[in-house]
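Here you go, one structure.
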Amino acid sequence: MLAFETLAETLTRDGVDVPQVMQRLKALQIETPSWGYGNSGTRFKVFKQPGVPRTAFEKIDDAAEVHRLTGCCPSVALHIPWDAVDDYDALADHAAERGVRIGAINPNVFQDDEYKLGSLCHPDKAVRDRALDHILQCCDVMRATDSKLLSLWFADGTNYAGQDHIRRRHERMQDGLEVVYRALPPGSRMLVEYKFFEPGFYHTDLPDWGTALLHCQALGPQAQVLVDTGHHPQATNIAHIVALLLEHGKLGGFHFNDRKYADDDLIVGSVDPFALFLIFNEIVDALDDPTTEATAQAIAYMIDQSFNIEPKMPAMLQSVLNVQTAWAKALLVDRAALRDRQDAGDVLGGYAVLQAAFETDVRSLTARAREELGGAADPLAVFASSGYSERAVADRVGAAQGWGG
Amino acid sequence: MLAFETLAETLTRDGVDVPQVMQRLKALQIETPSWGYGNSGTRFKVFKQPGVPRTAFEKIDDAAEVHRLTGCCPSVALHIPWDAVDDYDALADHAAERGVRIGAINPNVFQDDEYKLGSLCHPDKAVRDRALDHILQCCDVMRATDSKLLSLWFADGTNYAGQDHIRRRHERMQDGLEVVYRALPPGSRMLVEYKFFEPGFYHTDLPDWGTALLHCQALGPQAQVLVDTGHHPQATNIAHIVALLLEHGKLGGFHFNDRKYADDDLIVGSVDPFALFLIFNEIVDALDDPTTEATAQAIAYMIDQSFNIEPKMPAMLQSVLNVQTAWAKALLVDRAALRDRQDAGDVLGGYAVLQAAFETDVRSLTARAREELGGAADPLAVFASSGYSERAVADRVGAAQGWGG
Amino acid sequence: MLAFETLAETLTRDGVDVPQVMQRLKALQIETPSWGYGNSGTRFKVFKQPGVPRTAFEKIDDAAEVHRLTGCCPSVALHIPWDAVDDYDALADHAAERGVRIGAINPNVFQDDEYKLGSLCHPDKAVRDRALDHILQCCDVMRATDSKLLSLWFADGTNYAGQDHIRRRHERMQDGLEVVYRALPPGSRMLVEYKFFEPGFYHTDLPDWGTALLHCQALGPQAQVLVDTGHHPQATNIAHIVALLLEHGKLGGFHFNDRKYADDDLIVGSVDPFALFLIFNEIVDALDDPTTEATAQAIAYMIDQSFNIEPKMPAMLQSVLNVQTAWAKALLVDRAALRDRQDAGDVLGGYAVLQAAFETDVRSLTARAREELGGAADPLAVFASSGYSERAVADRVGAAQGWGG
Amino acid sequence: MLAFETLAETLTRDGVDVPQVMQRLKALQIETPSWGYGNSGTRFKVFKQPGVPRTAFEKIDDAAEVHRLTGCCPSVALHIPWDAVDDYDALADHAAERGVRIGAINPNVFQDDEYKLGSLCHPDKAVRDRALDHILQCCDVMRATDSKLLSLWFADGTNYAGQDHIRRRHERMQDGLEVVYRALPPGSRMLVEYKFFEPGFYHTDLPDWGTALLHCQALGPQAQVLVDTGHHPQATNIAHIVALLLEHGKLGGFHFNDRKYADDDLIVGSVDPFALFLIFNEIVDALDDPTTEATAQAIAYMIDQSFNIEPKMPAMLQSVLNVQTAWAKALLVDRAALRDRQDAGDVLGGYAVLQAAFETDVRSLTARAREELGGAADPLAVFASSGYSERAVADRVGAAQGWGG
């Protein structure tokens, strides 16, 4: 791999303000999800891995190790009830001791038997109320853990035409979200996630960014849209959606992962790294624009993946690295040149500017950033030789929680 | 084919209010597009057909013949400049003489050389102004022809990442639409169409209903969304979009066609008749609901297809018939039973109610409706034996206008 | 619903040979899968249903009940090891007593922990041998149950570029299949299933009919391709694939289900009934053609679905009914008229012939066929009032097997 | 940009045999298509560009200029009749004088009015014979120009279910191809291209690699499959298809372009550069394997794109550069390490090996290769300042041929 100094020299010669790039590169913080450290699988099989954490505390240990190695993952998202504990103070303290903090709280309203036909959209008010109660309890967890984000994904949908009434379900969703909105802790936000399909196979109540936006607009400024990069129809231009949500002040955060087919939940950037770069390109652009800067600054970058066959910790590290790579490349885009080519109507000129940044080998740049943040230049190698996995396998015996709790 | 009386008897026995169904069936009016009567093709070849109309007047003749045969196509959409004439009064009179009227006015801002990089979103203000001028002239045509609909489709988009700035283009679109909105004739509406892709292959400025809705919301009540049934990503649930737009008062109209792959512009219902039925099912539902009734009543049903290899007039007749078929089946849905099954959470019960309507053979029902409207029971057969085509081939010699003017 | 006699009269008047149609309609036999009666779900949740069978014997009871009600489901597919028993003679006898027989044997080489990286394609020979042993044991089950079909689906694939070597995996698959081929009982066939994706998300070793065909060609005449209607990329013309496999003598059978998005495994025909009709249209055409008749006659029609939220027995009945509906409509196609229109190059004429058949309401036709086969005119209604479900809930207490064994 | 020497030093330190990489990098030859230099467009509009070549001779001039600037594009594909001339000797001589040669001959059997319903699959034998005659004439052009490749794309397909008989069309195709096969000049090959859809929207007679392979297998060793990278369903793993065709000795060549949605015909690698890299990764792997080496060595690399809104020459240069980039990265893959990780079942290890190659900035490597081949380090910059475009605009006045001849 290229030496950092060599790369920096080349970049500087090409007009890049390397210190500024390094500063912005180091500013990126990526939240990892507690459930990413546990077992997961497809509908066909959950392959259990030895050494996966058995408790929320152990998941935080893993997240802390990822932060120790990368320097850029200071928070961990919780999933309730998978991570429910009796004493959230203790959990938050445990996190603090390990050098991380509690991030977004993710309610689960899709795995109880009652939710077979939905949660907030269920035809039966009793089930809707049950789901609402659970989400309101998650608002309490936010208070207990000083979390500022409520991350909402609903599996609500139907499998057959005629199964339920689409518009009435839409109204029920809005009614439920309004109750949640009023219960948000001060200074916090709720992020509304959408998904094209699965587990609903006829319709999904929140299928696209437009529907999520309609709800958030009706709710108010504390409600924003959450973009999961794996939740779109084939060929969707996600960078475009990101730009539109930024423009309208409603981009709240990301669930990063990659996919080739459906919601494959693979390592982010492993299928289409150029598409990931283009997303970050829109964000850097918005950071430099006063009308969108505040929204862009507040974006929550979160990983949400399913490591079914690969080892969890290396997979998480690889994802973090890939996000940093895309971010670094987006920071290298010559924005003055890009604007110049765009204003001139130069079809290929703008593309060439982006391509120049994308083709740059930034591995030594991100390595240096991690080192300056207290992490490792090569987290995967350090982890492999650290004995962490072996200790986990030895220590964590007994019932390991699956992805689904 | 089943006799009408036999079918009516069976339906009545099953609890259907046949006279009411017939009344609503006859109330459906479908607008045909002037350009559907002219030559069209793919990028590979426009196969020219003998007898296609050479002028806007002759296109209206064809549209009038379709109305004569079906009884349900009283208006014809114009495309400017393909249908531009010096004297719009004369054109409107010609239409009236033939028993039809001018429907939606469709500006064309994608075929001048200046529009290579877009129209309202073009980086060059001079081009944007040119496009705007053209659309404003179309508002004048609306006044001249007493048209109440401005139907807006924009080919604006880019082919390469970096080619232009997505958010600035979005702002330019909004700015342009606002000028148009203020120029709308009183009592008229503008319908904003979206399209997933083509001719733009990196991004399209109006790619989905969410983006179109954002613009329409900002504009005001005279702006609504136009759903072209061929303009979505694969697997999109269009009935769901229809329901959401109805719920929010923003469904303005349809461009009907069918597709298997991309924007194939085939005969409506020829690929997936069940999906078409499900769209109409949402509309009938909305007509019966006081909160959505007004929006549903005002929907403009328009055909927009490209008959590349099939004869134009039979293809248009077939499309009208297929729309009527779907509409008739949607009217047969037992809504009380449907609601009952939905409220009970009966997954298969609601589907069974829809299926019962869809499986009904309604051909004699729509045939009777056409007859009662003054059309033909079997428009295709009547047309085939009418000599209309032969006369057109004989009379319409000389340069026939292609689809692209 | 229309009376059978009324429909028959109308059809006869239109030139249909109703007795012949009834005969062919009754000849269709549809195999139901043992696993369709058990619990299933998505990766998010398996919603357990009360009363689902606990053993292979009880699954056969359910399958027999479906046959009793429909008259056209005389065989049941087994999944090994989900349905493994000590005494297959006893199982076969149990089936015979209930009026059904054992159909295809489906090995499972994707749920042991060893299969994390594949089965016949696994990089480790020991795992490949294990998978092979299991499949060979399934050949023994075929002998023990007098089954004539080995139905092979492999979950083999990779999740990341570079994870394994595509060509070497292809060779391993061929090597394994050859061993299996040689172990087939005399007079039996092996059906090789393909699937576009899932659970592999980078590549699947058997992703399409072309790959499956390559293997089957190399194996010999006892190897044929199995078409699962939910295993294709979006917009794939499955009827076309069916036609090609028929033409080349390699269409072995179907796994019927429907999908809107991915491999949704919904009730067959519930998403796109016209596409199902077009598949059967190719089959009826091939039955009437001496060059393809033998292949078409030997097609194994099997249901393979996942009833996640709907009650299992009604869902299975609904699927059988939908297959019959499509089959009946395909039988009504006026093949002489169709050929005439096709030979004349009449683009819309051939479509009109198909549409006439598809729009016919055949419910009374299939009802009559079921009655003549000893089943019920309305199997869903008879089942609902039969008390079967209630008895199953009462009797089948204790650990019910899930879909995944 | 990084200096070549710096990169070479780093690579050498990392164990790369840089001289060998440079040698293989320079060995890649990419054919450009005559039609890529002419006007093209979508069905909505062909935007005419000033300076495009008016004759086959001028197209060869443009192709020669691309070769002069890149050093790796020594041949040019012809399209007949777009490039039909009276004296093919003169055309071949003209090419030789300009330093290039005639490459693949591409018959056109889709733009005459007779081909509305197909060419070799047309229901009318007279049309089939006409198409066959044209293709046989193209074999004569091969002899006249010493071309060794016949590149066959058929637009044959249907737009509506029932329009024609799928199996009979398949047989007609096979019959026609057999006649062509027998007419091939000695030592030449015919490449059979497939395409998922367009211009046919119900079915395409050659929709996928499986169908093309069936034809080629029946024809013999001189018939191979042509992979156009834009001709697949969404999410298709093209690298997998490439691997399978290599394994079976039937990969004849490529038509390179990129797409996000349908057959967008964009600059290759501009949408998904990682997917392009993975294709070349399979090829390099096959070159190193004795069982596939001969097939891989004979692959014809051809560009086939539609530059609708971007200037033709820079677009073609950009495409060539992007192919070189992907090729260079594939050459950098550490194959021993890759095999080691694959054999070990290390899910992420193999991916990491590929990623290391992909993330390398190879721009100075390909620049050096071009220089050593006699081309320019930066062809785009050299071209921009060369005055070539300006001269073309000045000289090439009068009727410029469109893409469609």
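Each chain carries a letter (A, B, C and D) given by its place in the written order, and its residues are counted from 1.
Here is the rule we go by: a residue touches a chain if its C-beta (ideal position, glycine included) is under 8 Å from a C-beta of that chain, and two chains touch if they have at least 3 such contacts.
All values reported here derive from a predicted model rather than from experimental measurement.
Participant: Hey, how far apart are chain B and chain D in touch steps, shortest way?
Facilitator: Steps on the shortest route: 1.
Participant: Count the smallest number of chain-to-chain hops linking chain A with chain D, moving only between touching chains.
Facilitator: The least step count works out to 1.
Participant: Is the number of contacting C-beta pairs greater for B-C or for A-C?
Facilitator: Between the two chain pairs, A-C has more contacting C-beta pairs.
Participant: Which whole number of Å gives the spacing of the CA centres of chain A and chain C?
Facilitator: 39
Participant: Check each residue of chain A and list the ones that touch at least two other chains.
Facilitator: Residues 117, 159-161, 196-197, 202, 234-235, 237, 260-261, 267, 270-271, 274, 309-310, 347-348, 351-352 of chain A each touch two or more of the other chains.
Participant: Please output the residues of chain A touching chain C within their complex, sorted ascending.
Facilitator: The contact residues of chain A facing chain C are 40-45, 47-48, 110-111, 113, 115-117, 155, 159-161, 196-199, 201-202, 234, 259-262, 264, 266-267, 270-271, 306, 308-310, 404.
Participant: Which chain B residues qualify as touching chain C in the complex?
Facilitator: Of all residues in chain B, those touching chain C are 1-3, 6-7, 10, 14, 234-235, 237, 260-261, 267, 270-275, 309-311, 314-315, 318, 325, 347-348, 351-352, 358-363, 380.
Participant: Contact residues on chain B for chain A in the complex?
Facilitator: So the residues of chain B in touch with chain A come to 117, 122-124, 158-168, 170-171, 196-197, 202-203, 207-211, 213-214, 232-237, 239-240, 243-244, 246-248, 274, 278, 281-282, 285-286, 289, 292, 338-339, 341-345, 347-348, 350-355.
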